[in-house]
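Look for chain A in each of the two complexes below; its partner is chain B in the first and chain C in the second.
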Partner chain A sequence: MSLKRWMTGFMEKNGLLVGLYILGAVTLWIVLMIVLPQLFMLDFSFRYNLPPAEIGGPKDVYTLSNYKYLIYGSAGSAADYNWIDLSVFLQTIIAAVFVTLIDLALCYPIAYYLAHTAKGATGRLLILSLIIPYWVNEILRAFAFRIIFGASGVINNFLVYLGLIDQPIDFIREDVALYTGLSYAYILLMIFPIYNAVESLDRNQVEAARDMGSGWLRIHWRIVIPFAKPGIASGCTMVFMLTAGALAAPQILGGPSSLWFTQLIVQWFNTGGNWPRGSAYAIALLIACVAFVLFMMRVFKIRVGEIGR
Partner chain B sequence: MSQAAVELDSVTIKFGDFVAVRDVNIDIGDGEFFSFLGPSGCGKTTLLRAVSGFLEPTDGHVRIHGNDMAGIGPNVRPTALIFQNLALFPLMTVWENIAFGLEVRGVGKRERRDRAEELLDLIALPGQGDKMVSELSGGQRQRVAIARALAVEPKVLLLDEPLSALDLKLRQHMRTELRAIQQRVGITFIYITHDQGEALTMSDRIAVMSAGVVEQVGKGADIYDRPDSAFVASFVGENNAFRGRVTQISGDEVKLEGRQGQLVGRFNPDNPVREGDEAYLFVRPESFKFADAANADAVNTIKATVREDEFEGSFHHLILAAGEDDYVRMSLTNDGSHSSNLKGAEQSVRFEPARGVVLPIGPLATE
Partner chain C sequence: MKSHHMMKLMIGFYIVLFFGYLFGPLIIMSITAFNSSDFPRVSPWDCFTLEWFPELRQDRFLVEGFQNSLVIGAGVIALAVPIGLAGALLLTQLGRRARSGFYTLMISPILVPGVVLGISTIIFWRRMGEMIGVPGEDNFLYEGIFMTILGQSTFISAFTMLVFVARLQRFDPAQEEAALDLGATKPQAFRKVLLPFLKPAIGSAAVLAFLASFENYNTTVFTILQDKTLTTVLASKVRYGIDPSISALAVLIVSLTLVAAFVYEVLRRREQKEAREIEARARAAERLEMQEVAQGEGGEDGPARSAAEIRAELPAASGKGFTLQAHHLAIVLALIAVAGIAKLMLTDDVYAATACKEEIRQEKLERQQELLEKQRQLMQERQQQEQGEKAPRSGDYQSIFDPGNLQGDGEEGSDAEQAPEAPATSDGQSSNDGKDYQSIFDPGNLQSEEGN
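Take a look at the complex of A and B:
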């Protein structure tokens, strides 16, 4: 009933042709690009990795074995749990949280400055200088980071030149390059939602708080941050999800000991040739990330609807 | 009035080359309700921001109870500002809003709550502390903003057109309320408005501003009855302006020759005209009377025809045409002595010379 009313209203507002187009395009987009592929992945993840001849045959039945493998490892192994993969899984999530926090700390001041202090030309210039570096593609950027963080890279040379160190620091092994690269990769996705939220804050509120004697820390803590919370949540969610799912940066910038969970997934798909297991791993990552985000939103009392603003 | 609460000493405020406030010198007494009245864009908010500390004057000094405020930020000045749009905190409850200043000062939660309750009583909103700001009506928000500002016990409360967002009825009610609150707390109020009704009803004294300059300072009645400039005369209250050439000044009477023939008005020694000058003669609508046959030839009689009769209950507001391009606005008390619709009537009108004031030519207020 209400759906029908919404439909007629929607058609009246946009006209039949435009209305049908929008509805059709959105439906197609959602079904074809989002729902169907994921459903196939989901389906895949519950199947055995069979040779092509046996697909659809009597052996092609649903199973939890791929998920079990992530948790318990292969049946023959000595350990109770698949510690190697599980720890990579956990490390990836923790590292993504860490990167998200770094980005939040970096971007909140920038976003506030852009929204409330920088005026006219300065503001536009700043935004431009934030955006333009993203014209450089991800791979190029990652390798450039590798070069400047390398043993004979600019940073090491400079530190040695200053006499602060006598041996070059292995930034790659220490994962400094990785974290820098990851933090930088999604900075815009943190800045703009916060910028949007902060910009709509009435400046008079900041001044009113100041007039009542409040210092800057309290103004941010009590007035600006609560107001910008949906923007902060939306920025954090995006950065967290994308960092947890990043592939290029960990592959290029990661030290020999660091493995990102996405790399495991790719291994199953490519070298392992085991698509069902790769799917199961990918789905596990997706579910864990969504669950984590929903949990955090619960903790900070943010409704999903608010993020869309 | 031993010492001024707020001293504005040659205060000039510039934005680049633009002079927003020019050489303002005013002493505002302790406990006074002082208003700045002026049209939009004349620099009222700018001046108030210089008192509250969000802005430093380009020249001159702001002193509060004798202390120069140069370099002292808004967070440490003994002033509280009520913003044009109130700027209540939407994510806090009413009592948290009111107690915010106390929170800043490190007052414990229990005491803050108690103090907020006291202030809620003062503004006649007892027990409404747990509501959100969005649940209040316009007038109630207004009062919460006042309570929030009073909570920090300022020496001077600054109000920037706080009633402008309210509807007429509520605005008139809040005038009385504001005045009552001021008398109860006994601190200095500096009130900004472009509404002369507000300024006249509430203030002890008024400063009339135009284009960054203070034109006149005085009690409401002084400003209304004895304006010192063409701007003040035309901005405060309704006024008829007749332009003419000064032909004779004798004692405190000035004779003026213009399109209405010879008119006689009062000489203003504070802003004198000279013989031979062009000048304005200002006459209030309520100063006009109908001329009858007995005094048809008396001074200041103008032949006119009633064009409009706006009936407003207690008053008839008439617009009369006098000759080609001159109009006379006239207000009559509805005391039963006039016919109910005067439109179209030919009527000569007159006024006493003492009820008109002659002032040098200057910019008039455009509504």
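Take a look at the complex of A and C:
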């Protein structure tokens, strides 16, 4: 009933045409683009990989086999668990945490500086120049790191020239290139939430603490960081989610022995030809990421509503 | 005081380092586009060349991908901008609890991994096709470009929505109410009041949507199916073999980005300035009104003069001439940059440093010859020594330079040494060794460079 009343009020306020446009566009977005595709994927992940002719037939029943495969491996294998895929999964999560922490450490000083010290034209120029690298294609950014870290790349040539090493170091095999490239990829999404949070901090609080004799470490630990906590959480969430779900950087910068979990998903879809299993892997990634973020927010006592602004 | 200076110095140093991290890779990549070496690198520097730019046009996949990317970008703008606007408008009219729920739902596609969005999109539309009875090949819903537009718009609409939400926060509903009071219909008020107010936001949302669509990879790699976009072509190029034409493409993209950022900033400044002017004018008008009211109540002589002064302020507040100039300048600069790039792309006869490359080749050949010569001398000296000494170890010496001799037994080796054709064999060996030496100075494969 109240929905109907709300609808009448809404149409009254916007006029029929605009009202229909708003509701239509939002419905299209939320129902056809966000919710239903995710539900279909969830449904699909519980099915067998059947040839098109048998879909909808008697064999098309629900199963947990795709999830079982991720955990236990194929039924015939000797090992108890599917260690290969599980270790890729864990490595991806751990590496994403690692990259998030690197980005936080790199960005906090810059965000604080931009918000409180740099003002006017300089500040705006610095912010603009932060955005520019982010506008450049993701693939090209990874490519740039490949040029730098390659066997005859800038860093190796420089080190050889200095005489520090005599053989080029294989940065790509050692995953140095991958971590550097991943930290680079989403760094902007860490800076801006922290910047926005710190900017709204009243400078007088910092001054007062300084007048009362606090050192800068204490000022940050007791005043700035607690105040900027929602921004920090928001930045960390975004960087973590995007890093765990990254595909381009691991494909281009990953060493021959290291796999990212998204690469496994792509394999099931392309060469593996098993879409339901790929969907199950994708759902596992999504759930693990969301669960991890919610868990961390519990630990640090941050509410979901504070994220995203 | 001293520690304060130290601190400042350290902060400055850190900022330089940080921006070096941000821009260093892009700068180095851009520099490699102008090196004639077959592998993208800065050192050793061969020759300055522009030859990699026209080469991009030869790549059929790249051109096709670029065209598809433009189509998809246009489609995403057409879909994501209206959706984002509708989402933002809906949020402003909801109660607090409903708003936070909808907000979370609408923002969620930004956080969902792009891979997941791509997968869910293709599964959904394939299924939809089956449901309406057009399975398999005939399924017009299961089509690369169509699904890429939808898949990308899922999260890009969230970006555009955030742009509109930020702008709508500054909207004064009284404007719309005034229009309605003056007899405007609701669609009229929407079209004549709200849309003009949102115009700058529509522009920046469209730019944002296009850029996000243009550079997207994670979602597109699934939804595009057998088709190609610029980004997927780039990705396969980068993964299966690197050459400097990719760097050349990077230079184009980076410079276009710089131009776009510059124009965007100029436009934004203009908008901010206008906003400030409108505010200043409003304030002045308010003061004027108050003065006039005071005058009407029979005030003194003084206020009359100041009212005139304020009135004089009004036209002066709008410095339209200057902002228009800056705006035009930005556009002219952008056009020059685009024209320069177009010229670089479209002329076949660019500066390809043929003479310089020949020189470098000669130099390398000479250096090789020199090393060969040195090697030969060394060999001869050694052989003379060996012949003089007639030491039993001589077989070992030989084996250092020719692993093939290891198979033969020691006697055969010493036979070969004493044979008259010894210099000839040492020649053959030394040319091999010369190449090994060469590779110490030049990591690239000399042979392949000569071949090209």
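The working rule: the second predicted complex is superposed on the first by the 282 of 309 C-alpha atoms of A that agree within 3 Å, B and C clash if a C-alpha of one lies under 4 Å from a C-alpha of the other, contacts with A are read in each partner's own complex, and residues count from 1 in each chain.
Criterion: a residue touches a chain if its C-beta (ideal position, glycine included) is under 8 Å from a C-beta of that chain, and two chains touch if they have at least 3 such contacts.
Small disclaimer: the values here were computed from a predicted structure and weren't measured.
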item: Clash-or-fit label for the pair chain B, chain C on chain A; value: fit
item: Touched partner set for A:Y113, first chain B, second chain C, both or neither; value: second
item: Partner chain(s) touched by A:L130 [first = chain B, second = chain C, both, neither]; value: second
item: Chain B versus chain C as contact partner of A:P226, first or second or both or neither; value: first
item: Touching partner for A:F145 - first (chain B), second (chain C), both, neither; value: second
item: When both partners are placed on the shared chain, which of chain B and chain C touches more of chain A; value: C
item: Geometry of the superposed three-chain model: angle at chain A (Cα centres of chain B and chain C, steps of 10 degrees); value: 90
item: Chain B versus chain C as contact partner of A:A208, first or second or both or neither; value: first
item: First (chain B), second (chain C), both or neither touched by A:L285; value: second
item: Minimum C-alpha separation between chain B and chain C after superposing on chain A, in Å; value: 5
item: Residue ranges of chain C touching chain A (in the complex, touch as defined); value: 7, 11, 14-15, 18-19, 21-26, 28-29, 32, 39-43, 82-83, 85-87, 89-90, 93, 100, 103-117, 119-121, 123-124, 127, 130, 135-136, 150, 153-154, 157, 185-187, 190, 211, 214-218, 221-222, 231, 234-235, 238-239, 242, 246-247, 249-250, 253-254, 257-258, 260-261, 265, 443-444
item: In the complex with chain B, residue positions of chain A that touch it; value: 202, 204-205, 207-215, 218, 222-223, 226-227
item: Residues of chain B that touch chain A when the two form their complex; value: 52-54, 73-76, 79-81, 83-85, 87-92, 100-101, 103-105, 148-149, 152
item: Complex contact set, residues of chain A against chain C; value: 10, 13-15, 17-18, 21-26, 28-30, 33-34, 36-38, 40-41, 44, 52, 55-56, 106, 109-110, 113, 117, 124, 126, 128-133, 135-148, 150-154, 157, 168, 184, 187, 216, 237-238, 241-242, 244-248, 251-252, 262, 265-266, 269, 275, 278-279, 282-283, 285-286, 289, 304-305, 308
